[in-house]
Structures are given as structure tokens and as C-alpha cells.
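Take a look at these structures.
Two complexes come next, and they have one chain in common, chain A, joined by chain B in the first and chain C in the second.
Showing the complex of A and B:
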């Protein structure tokens, strides 16, 4: 393998990896604290992308404002979902899973009905390419990665330094004791689910600018994210970051060496092996 | 007293007998299109009823279409490449699925909750991609064409849809009877005990792992048989059909119908296959409508559609001024 080609593949992998990280973070956060898998995650991601396109491209809202608005709208949707649809069936694993499946297919249907099934391109705001030692990266993708890193750091500070973050960690460790100390489970669950939706929407908004948005854009990255949180350890935030980068690199290297099919098989086969021999993943506790 | 007991027993029996007769004379009554819909209902019913076995164990398997695919590909390849009779391969298909389920189940069934369904989902995707990627012998993404119908037996010629209908109907009835007798056996009790609390079941000496593996092998055997029937009926299949979409559908059928009884998932599969046929004029909205119906059932009718008559009856009895005062 040539050095330039190797470097380009490496850069591509890291770039894809960071967008996976954002998506997997929301998923792993929700799993870690609420002990459920959110099957509507890919559709919340899709909604994030669509709202940015709708606000920025159709209604000429400022780009940054459009992303912020889109993320807030999806977080609000997340809040409503948790409050009215998930809370009544909390603890019933199968029903919670089915509810998120139903929500996912409903959002996909809604997006297709309102905005149509076709690809929508969000026009680029930062055109141009950086070239360095024969390796090329667009400003757009570089910006997505930087915003992604900023969000990860922000999330980390939120969980470690704020009172709400402390409540989240307490509820994760022991819901009953946390309740005794006045940290409401309901409030924490609402917060966690909204935050998860927010992260999904943010990655959708960033991905939408890099590629395109369409009603089914969320499914494939969501399935990959499932495998990422297995690799990293379900519920672990460092795990989601490591897992996202590993899967991004595997994607990029195996696709360019053996083709997309084999790369796909490989990611799932590795995740399958992990879940059998090391179900706690790389960073999971216990 | 005796007469009321007899009456309450005779009612359902008469209803079942009537339903059987109606289903048996169906090919005379309706067009071949509706026979096709009914056959899909039966095949989906077999999948949903067998998956229920895993759902009551609290093991949500996403790999059910994978075992259907194993059955379908095993049977098709044996018939088309080696010339084995379908009447043999339908059983081989079931056993192949059962053997793979046994080998997969040993490591995977130790997992519970999200870990189990993510593991089964990873297995489904790996298998589907292998079927898609290798043109020899699996036919690649286009799948396999021109699958022959089963050899004729006496007057039954299975290239005719109404004759094939009876075959699939028979397999469906056998599946229902098999799961009914399992439900009433010692196994059924142990399965329900494990489903309610596997820790408690283990502490009173139930071999949890053994029963899980047994349930998984039996459920996947029937998925394999359903796969063989499906392939030879449709005469064409591709790996796309055995993906996440079908895995989710199997779970949805079972939950919508109701997990409380063996027949519930079959009812769910039948209703959810029937609805899109009726609401064809609103095809655009069909997905959204079924998603909303599904949410309503999860929130307000946890026993599924089969519990609907009971819920309505108890509402009527409870309503003031209508019910009989006891």
C-alpha cells in the first residue's frame, strides 16, 4: 500500500469515525442510564439532517442558527417521546423496544410524506479543500470533525461538572438511592433521552452537510452504531469514542482493500465475536 | 352448572371447527390473489408463533429471518443441485436451521436483554451479507430463480396455487398444534417460569440454559420449515427478503397479536398482512397508520389483539347501569 493512499484512507477513516462517535454517544448514553436500546435513534438523526436542510436551504435561516434550532427541535421531540410514550411502559423491555421501533418507522414515514423520498443536498457554507502531503480533506469535513470533537468535550464536561450530570451518574449507579437523595428518576430520564436525541440530531445535521439527507439516511449508521457500542462497551462514553474510531477505520481500510461487502461483514463479525467473548466491550465495567 | 360449563367449552370448539371449514373451502370461494394473501398469512403466522416461544423467555431474537433463510437456501439448493425431493428437504431445512440454532444458541443464549438481541442481529446481518456477496453457490444479491414446486402426490399438483395452499395450511396447523402441546407440557411450564424470572427458576433447579437452547432449536426448526415452504411457493428469493425488516415484522406481529396465547401471534400476522390489502387506496399512509396503531396497542392493549374481546367485555360489565349486579 502506498503511503499517500494509506494516509488518505486513515484520514477518511478518522473522519467517518468521528461522525459515528456522535451517533453512538447518544445511543450509549441512553443505554447506560435507561437500560434500553433506542431503535428510533437513526430516525432522530435523519430528522436533525432534514431540519437543517429545511431551515437553511428552504427558509434561508443562518447556517449556525439552523443547526442550533434543528438540534433543539429534535431534543424537544425526544423529551415528548420519553414523557408520554416511554414513561408509561418503563421497565417492560420488549414493549419499550417495540415502541421505539414504531416511532422510528413513523418518523421515516413522516419525513417521506412531508419532504419526499429524494436526496436533498445541503449547500456547502465552507467550500474548499486542504491539501497536505498528497492527502486531501474538504473544509466541510474538517469542520464536521471539529464540531464533533467540541460536542464530545462538551458532553464530558456536562456529565462531570454539572449538577444534572451528577444526577445522571447517580441514577446510573443506583436509581433507588439516587431517588432517596432527591434526584428524580423521571427528570433524569427525560434529560437523558432528550440529550441522546440532541446528539443524534447533531450528528445528522453534520452528516447531512457532508453527504445528503433523505428519509432512510439514518438506518445504516444506526446499525453500525449498535456494533460500535458493543465494541466499546454498552453504556460507556470512552467506549463509544474508541469504538466509533475503530469502526470508522475498519470501514475505510477494509472497503478500500476488499470492498464494501467484506468491510460490512467484518464489522458485524467482529462485534459478534466481542459480544460473545467480551460482552462488556473494551471499556465496559464489570 | 354443567350446562353452562358445556356451553362455554362448546362455543370456542364450534368457532374453531367453523374457521377450519371456511379456511378449507377458501380456494373455491375467493380469487387466486386472496389465496396468495392467505398463504402469506400462514407463513408469517408460522414465523410469529415460533418466535413467541423466544419472546416469552424474554429473549428477543432478531435472527428469526436468518433461520428462515437457512431453511429456504438449504431446501432450494438440495432440490435444484442434487435433485432431492422436496418432501425430504422440507425436513432437512428444519433440521439444518435447528442445528445452526443449537450451535449459535450455546454461546448466545447465555446473554440476556439487549446483549442477546444485538448478538442475534449481528448474526442475521453477517449471514445476509454472506448470501449477498457469494454468487456461487448462493446467487448473490439477485438470489435464486425458478425454484421448482414440490413433486405431485396423487391428485395434488403443487404447481397449482390452490393445491399449494393446502400444503402451507397443513404446515401452519401442525405448527399451531405443536406449540399448543408444548405449551401444555412440562416444558411449557418451565419456559413460562424462566420468562418470569430466570434467576428464580434457576434457584429451584430448572435447567435454564438447557430449556433456552431447546426453545431456540424448536423455534428455529419451524422458521426453517417456513423458509422452505416460502422459497418453493414464491419460486424466487433473494437475501434482501431475510433482513432486518422481516426480523422487526416478526416481533411486531407477535406483540400486536398478543403473547398470552399460542394463537395470538398468528392473529397478529394475519391482521397486519390483511390491513395493507384493504387500505390499498391509502398505500402512502399505510406505514404511518400501522405505526400509530402499534403504539396505541403497546400503550393501551398490552395483551394484544386477542385480549380485545375480554377487555371490551370487562369494560361493559364494569360500566354502571349496564352490568349485572352481583
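Showing the complex of A and C:
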């Protein structure tokens, strides 16, 4: 493999990896703290992309404002889902699973009904390409990576440094004792699910600007996110970061070398291997 | 002497099963009482009912003249009742310092300085380990951390569930003297223990529980001479 080609593939892998990281972080937070799998995560991602397109392209809202609004709207949708649809069935795993699957389909068909099934391209706001050592990256992709990294750091600081973050960690480790000391489970679950939705939407918004948006755009990234959190360790934040980057790089390298379908097969084959031989993943506890 | 906390005819169920039946007890301000009894006698359930993590099916709980049995655990801890649960239950993947902060969760961060000093005064070992992951502490240190976390809530009543469980005799003695120190600062304590020897030495009054009911109660000095207590709980 030529050096330039290698570097280009590496940079593409890191870029896609960070968007996977955002998506997987949301999924792993919800799993780690609420002990449930959100099967609507991919559709929240899709809504993030669509709201940016709808606000920016259709309603001429400022680009940055459109992204912020899209993310906030989806976080609010996450809040409503947790408060009114998941809380009444909390602890009943099968119902929770069915509810999130139903929600995922609901959003997918709602998007199809409102916005149609076709691809929508979000126009480029920051045209241009940076080149160095024969490697090229568009400003758009560079911006997506920077925002992605900033969000990961922001999330880390939020969890480690704020009171709400302390409650999230306490509820994760021992909900009963957390309750004894006044860290309300309801409040924490609302926050965690909204935050998870926010991360999915941010990932979808950034990805939507790089590629296109359509009602089924969330399915593949969601499936990959499942593989990422298995690889990294379910519920682990460092695991989601490492796993996201690994899967991003695998995607990029395998699809450059063997084509996109083979790349898919590889990612899932690696996941099988982990499920069988290292079910707690790279950073799992216990 | 006014009661700090009073349980009136408390009954608690887990599903259909009755765990506690018609228990009444009272603790005066700044007093230590102990609940002794075998596994499953309902001791821990009583503590959980006081701290609000378990709701009674009948009866009332009064704390400083206000009824609290319908309140959420959050409101109860805010009123000054700290529960130090059985088997320590510290947050293992958090630093010692963060564990202490969870105890003071409902209080302003600017106010907790004196409480930290108080905790370091009682538990000097904790001060040296603030940055350490709590799960890596020894059993005795974890017990101290669990009690320290409780103190961070600045309680006037502390519910201590089996603080001696699984600890070496020397550590048990140390925990015992810290319990006395904390009590001398004006904190009332309900101590649940299987180690009745330790419990009777610390407490003024004892309640003996069997299958969810109080079968015996009185001053520890008198109970020490009771034949049933001697045989059943003190092993004399």
C-alpha cells in the first residue's frame, strides 16, 4: 500500500470513527446506566440529520444554529420518550425492548411520510479542501471531526466534573444507595436518555452534512454501534471511544482494500469473535 | 426526653411476604439503640423503611415531630437521616473523594468543607486515599468510607447496618470506637448488628427481633443478664 493512500485511508477512518464514537457513546450510556438497549437510537440519529436539512435547507436557518436546534429538538424528543413511554414500563426488559423497536419504526415511517424516501443533500457551507503530503480532507469533514472530539471531551468533563455527572455514575453503580443519598433515579434517567438522544442526533447531523440524509440512514450506523459497544465493553465510555475508532478504521481500510460489503462482513465477524471469546470487551468491568 | 425518631406499629411486606410485623420503637436525641436478631429477622428492612427506600404497608414513622413514612428517600436524607447500608455498598468505580461528595449530594458544595474536616478527623485513613478508586480499599477502609459518606449528609440520625460484618477483630474495635465518637457529636444511631457483643457494649437500649417482630426490648445492661439473650445472642 502506498504511503499517501495509507494516510488518506487512515484520516477517513478517524473521521468516520469519531462519528461512530458519538453514536456509540449515547448507546453505551443508556445501556450502562439504564440497563436497556435503545433500538431507536439509529432513528434518533436520522432525525438529527433530517432536522438540520429541514431547518437549514428548507427554512434558511443559520447553519450552526440549525445544528444546535436539531440536536436540542432530538434531546427533547428523548426526554419525552423516557418520561412518558419508557418510565411506565421500567424494569420490564421485553416491553422496553419492544417499545424502542416500535419507536424506531415509528420515526422511520414518520420521516418517510413527512419528508419522502429520497436522499437529501445538505448544501456545503464550508467548501474547500486542505491538502498536505498528498492527503486531502474537506473542511466539512475536518469540522465534523473537530466537533466530534469537542463533544467527546465535553461529555467526559460533564460526567466527571458536574453534580449531575456524579449522580449518573452513582446511579450506574448502585441505584439503591444513590437513592438513599438523594440522587433521584427518575431525574438521572431523564438526563441520560436525553443525553443519549443528543449524541445520536449530533452524530447524524454531522454525518448528514458530510453525506446525505434519508429515512433509513440510521440503520447501518446503529448496527455498527452495537458492534462497537460489544467490542469496547457494554456501558464503558473509554470502550465506546476505542471501539468507535477501531470500527471506523476497519471500515475505512477494509472498504478501500476489498470494497464496502466485505468491510461490513469483517466488522461483524470481529464482533462474533468478541462475543464468544471476550464478551466483556476491551474495557468491560468485572 | 423527646424522641428523635419513633416507629409506630410498622409492618412491611415484600410482595406477599411479611418481613416486619407491628414493630414499634423509639430513639431519643443523641442516643444509640441496637436491633439484634438472626438473618432475615427484619432488621435491615426496618432501616430501609426509615430511610424511605422501602415503604411500610402499615404504621407510621415520626422524625423530630414530623411524619416521614410517606416521604421520598431524597426528602428523608435532606431532613438528616443517613443510611449506611449493609456490606458497605460504596461506589467502587469512583474515587474516595467522589464517594464522599455523593453523601453530600443535596447540599451546596461550598458548605461541605467543615464536613470533610470532620470526616478526616474520625477517619484519618480516608484523607490519605482521596484520589484512590474506592473499590481498591480494604474491607475495613470501605466500611469507614461508607460511614464517612453517611456523615457527609450531616445527619442527626445515622442508620448503621452491620458495620462489623466480615471485619477483623481489631478493625471491629476501631469501628466501635468511631461509632461512639460520632454519637458524642450529637448524632443518634440505630445500630443493626449480628455481633451482639459489640452492639450491647455501644448501645443504651436493645431490641431483639425474631421473624419480623420484636420479642424482647430493654436497657442493654438488663438484657445482658437475660438468659434468652445470653444463650441466643451473646453465646455465653
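Keep in mind that, in the parts below, the second predicted complex is superposed on the first by the 286 of 286 C-alpha atoms of A that agree within 3 Å, B and C clash if a C-alpha of one lies under 4 Å from a C-alpha of the other, contacts with A are read in each partner's own complex, and residues count from 1 in each chain.
FYI, a contact is a pair of C-beta atoms (placed from the backbone, for glycine too) under 8 Å apart; a residue touches a chain by one contact, two chains touch by 3 or more.
Here the structure is a predicted model, which is why all the values come from computation and not from measurement.
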item	value
Partner chain(s) touched by A:265 [first = chain B, second = chain C, both, neither]	first
Partner chain in contact with A:101 - chain B first, chain C second, else both or neither	first
Which of chain B and chain C A:282 touches, first, second, both or neither	neither
First, second, both or neither for A:179, with chain B first and chain C second	second
First, second, both or neither for A:142, with chain B first and chain C second	neither
Touched partner set for A:10, first chain B, second chain C, both or neither	neither
Partner chain(s) touched by A:167 [first = chain B, second = chain C, both, neither]	second
Partner contacting more residues of chain A (chain B vs chain C)	B
Partner chain(s) touched by A:234 [first = chain B, second = chain C, both, neither]	first
Intersection of the chain A residues that touch chain B with those that touch chain C	none
Parts of chain C lying in touch with chain A, wherever the complex brings them together	51, 53, 72-74, 77-78, 82-83, 85, 89, 91-94, 98, 101-103, 105-106, 109, 149, 153
List of chain A residues in touch with chain C within their complex	163, 166-167, 169-170, 173-174, 176-184, 285
Complex interface listing, chain B residues touching chain A	55, 58, 60, 107-108, 111, 113-115, 117-119, 121-123, 125-126, 129-130, 132-133, 244, 248, 251-252, 255, 284-285, 287-288, 290-292, 294-295, 298-299, 302
Interface residues, chain A side, partner chain B - complex	31, 35-37, 85, 88-89, 92-95, 97-99, 101-103, 105-106, 108-110, 113, 219, 223, 226-227, 230, 234, 261-262, 264-265, 268-269, 271-272, 275-276, 279
